[in-house]
Amino acid sequence: MNGKDKTWRLRLHEIIYESNTAAGKAFDVSLLVLIIASIVIVMLDSIERWHNLYGPLFSQLEWLFTFVFTIEYILRLISIEKPWKYVFSFLGIIDLLAIIPSYLSIIYTGGQSLLVFRALRLLRIFRIFKLTHFLSEMKFLGVAIRGSLTKISIFMTVVLTLVIILGSLMYLIEKGENGFSNIPESIYWAIVTITTVGYGDISPATPLGKFVASIIMLMGYGIIAVPTGILTNEIALQARKKEQKNEVCPGCGKEGHDVDAKHCKNCGALL
Amino acid sequence: MNGKDKTWRLRLHEIIYESNTAAGKAFDVSLLVLIIASIVIVMLDSIERWHNLYGPLFSQLEWLFTFVFTIEYILRLISIEKPWKYVFSFLGIIDLLAIIPSYLSIIYTGGQSLLVFRALRLLRIFRIFKLTHFLSEMKFLGVAIRGSLTKISIFMTVVLTLVIILGSLMYLIEKGENGFSNIPESIYWAIVTITTVGYGDISPATPLGKFVASIIMLMGYGIIAVPTGILTNEIALQARKKEQKNEVCPGCGKEGHDVDAKHCKNCGALL
Amino acid sequence: MNGKDKTWRLRLHEIIYESNTAAGKAFDVSLLVLIIASIVIVMLDSIERWHNLYGPLFSQLEWLFTFVFTIEYILRLISIEKPWKYVFSFLGIIDLLAIIPSYLSIIYTGGQSLLVFRALRLLRIFRIFKLTHFLSEMKFLGVAIRGSLTKISIFMTVVLTLVIILGSLMYLIEKGENGFSNIPESIYWAIVTITTVGYGDISPATPLGKFVASIIMLMGYGIIAVPTGILTNEIALQARKKEQKNEVCPGCGKEGHDVDAKHCKNCGALL
Amino acid sequence: MNGKDKTWRLRLHEIIYESNTAAGKAFDVSLLVLIIASIVIVMLDSIERWHNLYGPLFSQLEWLFTFVFTIEYILRLISIEKPWKYVFSFLGIIDLLAIIPSYLSIIYTGGQSLLVFRALRLLRIFRIFKLTHFLSEMKFLGVAIRGSLTKISIFMTVVLTLVIILGSLMYLIEKGENGFSNIPESIYWAIVTITTVGYGDISPATPLGKFVASIIMLMGYGIIAVPTGILTNEIALQARKKEQKNEVCPGCGKEGHDVDAKHCKNCGALL
């Protein structure tokens, strides 16, 4: 590879993967427009009336988008140092998923339904956030959510145990009637109830069932406080960490001192 | 413009735009009463039975309100230094929107439906808050909400991406039946579900659909913690800022003293 | 009034109004049992099947409860220093409301429906909390809620304005059909939606209506964070106040110093 | 009991009750698989179509699970020092409830419905948490929830009082029609509404009913802030307690040092 070729690849890399040049920004914005346009087409095509009117047009546009996204995918492969690392990265898989369904629909007609997976293209818009100051805030939220994941998992295990037991109980009470036709259905109802969604497609009809349902609802009302409490505190913790003295101890190099600290909490040196 | 005229305009400005004189307060209170009365008339007129009984009366009252609000608008224009700035301010536009629909309904009969925009008059009641000690609290909340806007926007983008993908998935699962007749309908359902509203006008009928719906509901249950966590911490931050004296101790350099502190809580030096 | 009579009244006061004697506790517990029993009777009597079976029995029991509560009311009047103050206190009015409906039902037959007001007797159980250590916690919560009342009021005003405007908008969009038959109905729907209750008795049928409804739901999802954020911070504030150094400055007598304060923040004296 | 026997029992205890040996971990994981498998069988058996197809197979598997759990129960009894303490412990009772229903169904045919209680077996999975680092987090959440129990109880009492009074009021307003057929039904409706579940099986039809319902919904919207606020602060309190070294500086007496602090952050003295 000669120097000129390298420059050409570097320039392409700059445009496609970065966004601090005018060309890079233009590329990102056009991509955003294309992604949203392709999603809108998928949506409109699913509406029968529109499909009947403009079906062939939608199909042509879809092939246009697939073509453009395929070229983009190839350019991404060419312009990066380690193509395989990109292919197996999260965004790389999403990029591939954005074009595969269309090609599959040629070979395998049942693959028609795969077209819905084109909605996954939407995940690509998170690429665009690198354009904005949103990135640091997004990382901040990400850290807070990851930090509370263990607690949230425990909470979800408790909720799942609750809905399975309460669902089984309601199946027993309503005796397999009024929509509580089996235990999985009853568990589905318990989830609908405890999360306060309350479709009303299944609802208790017996007095005892209504009594137990009332208890479940009041529990759900209290239980919703748990994830909120967990996350609120995790966000506060992260915010505090961010706020903490951005100062390194001159004695031992330790960070993370309180804002009002005068001495290093590790070695005692004056900050 | 002579001195007397200026005095007259100043006096009018005091009555209309301020509320620290008796006349100013009386003006604000009468305005509040008129706004609420006009909203009540709009509501009652929309009820068929009342419209049939008192339609002409409501119409006459509406013209009365429009007349009064028009005069008020003109007085506002006259009494202010820079009328155009007022015309294009948020409250100025609302004030104009409060009178335009009635006039439009004369020229253009289809404009009848524009009358509903008279409900926007309600936004004018926020003018009245200047009367109360609510204003500082409202500003406080406003600052907190603005401060968390970036985070809330990211959250909303994630939620929107989720409901579009999950909605498309459910359309695939329920095969366009049971109300999931197209992707936009399925996305509508996903929003109804993830926000825990749960009308029940569309609800999954297949076992797999119910399973996926359960996961969406549990996600929605956890996800609602995010905006709450964000806003709670932003409010706490604002409250802390408000509480603390923006002053450094001259003796020891310590910050973060209470608003009512006269001496440094660390070294006792006079602040 | 001689000494013996005073002793007798004091003793009665101790039993009825206080609960630090064995007799006082017994009185409170019996009252609690009576109140709950009377509420249960009201409930059962409203169920047609039970009313047909035991109607006369329920009626007799009701008169018994009314008789006992009347005697209790008279004893409360006798044993207190300032009877009129009691009569017009919140609990005094509740005590009176607990007995009036039964007597009214004799004179005025339409007063039958007044019997439902006997449910207000339930408010009397809050008297019982003086028995427990719940009282201080209840006061704590009360202070926190009162402290956030201004902010919550502003929030409620904004929500009310929103639902009136959005309700009117939906009336316009759905053209008075699909349950949106007039503006008050549409506002009712907007409240059902923004609070995430979602009965489904009224739900949008037009695509535009569903789109606007989706926006309202997502707003409701974010808006619910506001009262939670407000109250969480108010509770934290109250808890901090409670935790604060329970120390009075020896120099100036000022309270409310931080836990880590060394000098009085008011006069600078060493704490 | 000779030494060899003791060693044998100790080894069994290690496998069954602990999980720091390979055998102990294998035991716990197999138990987890068995519990989940048995729950899945209970669920599938409740679905009519599956019951008709594989009923006898499910029945045989159920007896297999019961047999294995019975042996496990006996082993638990043998390998522990104080068997009775285990029998009457929470987990001991759950373990017994996991096997009793199957045996009861032989003697007493009506006991068929008892089989649903096998869902309680799911509670046994909490045993498994000792495998993970989840245990300390679970204890943390447990302490926070217990710490806010008094406040949550008061909150629940207030909510219950509210729904009883509001339910009675709605019964009066809707005059026993539109699903508000008696007071308990109306209270059920009030709970469905105030917890924002909103099935829609009962919903107000009269204008006054809708107005009162709107107020209840808005109250529910605000009220949900209370448990969240309580729990968030309790979690924050526990987190603070956990984070802070329970140590006073020997130099200046300052408390509240970080867990990883070696020197006082105020005066620099060695902690």
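Letters A, B, C and D name the chains as they come in the text, with residue numbers starting at 1 for each one.
Just so we're on the same page, contacts are C-beta pairs under 8 Å (C-beta built on N, C-alpha and C of every residue); 3 or more make two chains touch, one makes a residue touch a chain.
Protein identities per chain, from UniProt: A, B, C, D = Ion transporter.
Treat the numbers as computed from the prediction; the structure is a model and nothing was measured.
Asker: Shared numbers divided by all numbers used: is that above or below half for subunit C and subunit D, i.e. same or different?
Answerer: Because under half of the interface numbers appear in both copies, subunit D and subunit C meet with different residues.
Asker: Where the centre means the average of the CA atoms, what chain is farthest from subunit A?
Answerer: With centres defined by C-alpha atoms, farthest from subunit A sits C.
Asker: Name whichever of A-B and A-C has more C-beta pairs touching across its two chains.
Answerer: So, comparing the two chain pairs, more contacts are at A-B.
Asker: Based only on mean CA positions, could you tell me how far subunit A sits from subunit B in angstrom?
Answerer: So the centroids are 29 Å from each other.
Asker: Any idea how many Å lie between the Cα centroids of subunit A and subunit C?
Answerer: The computed centroid separation for subunit A versus subunit C comes out at 41 Å.
Asker: Tell me, which residues of subunit C touch at least two other chains?
Answerer: In subunit C, 184, 187, 196-200, 224, 228, 230, 232, 236, 260 touch at least two other chains.
Asker: Which of the residues in subunit D come into contact with subunit C in the complex?
Answerer: Contact set of subunit D toward subunit C: 150-151, 153-155, 157, 161, 164-165, 167-169, 171-172, 176, 181-184, 187, 193, 196-200, 203, 207, 210-211, 213-214, 217-218, 220-222, 224-226, 228-230, 232-233, 236-237, 254-256.
Asker: Mind pulling up the subunit C residues that touch subunit D in the complex?
Answerer: Checking each residue of subunit C against subunit D gives 39, 42-43, 46-48, 113, 116-117, 119-120, 122-123, 125-126, 129, 133-134, 137-138, 140-141, 144-145, 152, 156, 159, 184-185, 187-188, 191-192, 194-201, 224, 227-228, 230-232, 234-236, 239, 259-260.
Asker: Subunit A touches which residues of subunit C in the complex?
Answerer: By the definition above, subunit C touches subunit A via 196-200, 228, 232.
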